[in-house]
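Input: a single structure, listed below in structure tokens.
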């Protein structure tokens, strides 16, 4: 039952391969799995595609991963922030690819990956540059854009508590992308503030059921 | 000797990997739960919104709000989680369950499954979650008798009953043999009280021994 | 803040019009809003399309609504049950239409209605009679069927507790279709066992946020 | 007299119906919250996963796990609920919010909105939730100054900046006038320190009085 509990963040991120698509939770710093990202930097995987709402803040975490040159492409909704100088520099130097995705599409495309949906017609972005070249369809008098799933090889998630089976609860708005990313990746790695005994989480309040979680570490 | 339904259930239970997430279809497949060892770590899913379902509820434990997909009162185990129907079927359809075990009217050589409708013109069609289960789990095991009451094989070249899913079955556990459905055809893993030649004589599908 | 709290089930179902599409929660009897369905029978709306997982049990609730001849069409996954004689009789007499929908499609199509998705490519039912005549598409080597949203004019839902703003929690597997139906209908009417003060539900454990709920009654 | 940003926010706050579910875009629209009366019953949504958001957090109330879409620490009110990003955007995109208030670079006569990108070739594109908000809410209110710093009208026949959404804006609140965007064109609801004729002279869009 405790096969999912890892001793260290280094153990938890072992085996992530070069070229992987890595989903990284968090909205700004809320829910950002900082220790796992730091461990990924030490682990050394390169040529990564990172899917995350933002493109790193300051010089730590995701920004540090970018600064090390490990990331080939960023898929995000909002790269440009007051403290996103690492990404900004790489982007302006042509050293990193960027796919900007409306935030709702980012969430829904990962949800589709997790739910077995092949593609979906979406109302967001119709008539805008972010829908250019994409298939559209009129349904019931409204135009929609066809959007495809975003699947991860790995997800790195920050949650609040886990039980030893891997059930997760989050805390306030730090929940954000975690539950969706947990459904969308083959290997789901979670850092939590606390691991409790199985049975100690309220079954009605579990947000991410244990089936989605592969590895848990306390951070 | 051929296997009875409990022996078939025990055989399937033995083949389910430690710690697997499993959905047992209504009817006979639910018997598999009785044969899982206490330390199997297997987590049962029921499509009406629950993971880590426990055994059937008895006496004072019966709670009308806590039922399985067959609408039978069940119990929860430590580590249970509840979720709504869209999340539950996203879990199934997204390929997160390791194994599901389903009954069948027919399975074809190519792994097509027919288990929801006899095709009789006056039958009221009712599918429930069968089609979602068929296409969702990483491995789909069928549990059925090999021959129908009229003696005809339920393993067939092509299903004549309406399909539940196309090419979705991985293994077929029957009273007389266990079949593996592979890209190169059907392989007989083991037989029970019948020889491979006898099987080949009665089952109208090429069988690799 | 208590504009959503109704005194009686009769008050709560007032105004449902003939010809409405009514989503009715529950899986068998778990989560079935029996008092609301009874009130709908008294209210008198006819020519209804009912979307529910089953087509009524015994002689009460949904079965009674069917027996009164108020329902033109049933959209469900599993009409045929040991105690579905009311539906069975109407169906065999050609007095009611039936659309059988795989259970996951039923849930996902209502979710799509609630989430603004115009249509989605779904792996369920491919190659079966329930996908006949539907558009299909090959995506990444797998065939999908195009499925459209199911919208309700009204949803009738059974939940466990509500606060006075309309936030809902459910109980065990009685949760089932309630949260999805609450997102998919214009008018959402809920019966609960108990109404508590606003602030008495754990914000992390609310399953249906108040935005989806229009009317609440204690049953 | 023309309105300052606080007067504009107050005007919008007055127009939001009692009990409405509202999303206030980052930047100036957040000022609207300060002008909602205590008994307004208005429930604020923030797209990073929360309903019934309270005012900005101060001092010991600051919690890094409780922020708004602008990443500013906020508080919760009784009746708050939290949900994940896909659920939050389903709420927006499914048309459940009554009102959202957004800033804008330009609004067209047909209600097209441009508020995410200046179109400068070296600008790093960043859209966030703007496109989802634009198409999701039942009513989309824009809050902006009517004229840009160079004196050009931000109400235009066709947007020259990259679009956020097509035909999505219902009302435009500016420092000099409030505009209603209707199927038959733009109607001036009220003016502030400017006459209708002066407006017509400076805004290159037909304006009904």
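Annotations
For reference, chains read A, B, C and D in written order, and residue numbers begin at 1 within each chain.
Note that in this section a contact is a pair of C-beta atoms (placed from the backbone, for glycine too) under 8 Å apart; a residue touches a chain by one contact, two chains touch by 3 or more.
Just so it is clear, the structure is predicted and the values come from calculations on it, not from any experiment.
Counting hops only between chains that touch, chain B reaches chain C in a minimum of 1. In this assembly, the C-alpha centroid of chain A lies 34 Å from the C-alpha centroid of chain B. With each centre defined as the average position of its C-alpha atoms, the distance from chain B to chain D rounds to 53 Å. A straight line joining the Cα centres of chain A and chain C is 33 Å long. Across the assembly, chain B contributes residues 76, 82-83, 89-90, 92-93, 135-136 that each touch 2 or more other chains. Shared interface positions of chain C, defined as residues touching 2 or more other chains, are 108, 111, 115-117, 122-123, 170-172, 203-204, 207.
Contact annotation for chain pairs lists A-B, A-C, A-D, B-C, C-D, with touch applied as defined. Contact residues on chain D toward chain A in their complex (touch as defined above): 46-50, 63-68, 71, 76, 82-86, 88-90, 92-93, 112, 117, 122-132, 135-136, 162-166. In the complex of the two chains, the chain C residues touching chain B come out as 27-31, 53, 77-81, 87-88, 91-92, 98, 100-108, 110-111, 122-130, 170-180, 207. Looking at the complex, you find that chain B touches chain A at residues 19, 21, 41, 43, 45, 51-52, 76, 78-83, 89-97, 135-136.
Partner chain C is touched in their complex by these residues of chain A: 108, 112, 115-123, 137, 139-140, 142, 144, 148, 169-172, 202-205, 207.
Against chain B, the residues of chain A that register as touching in their complex are 1, 3, 111, 113-117, 163-165, 167, 183, 198-199, 201, 203-204, 206, 209-212.
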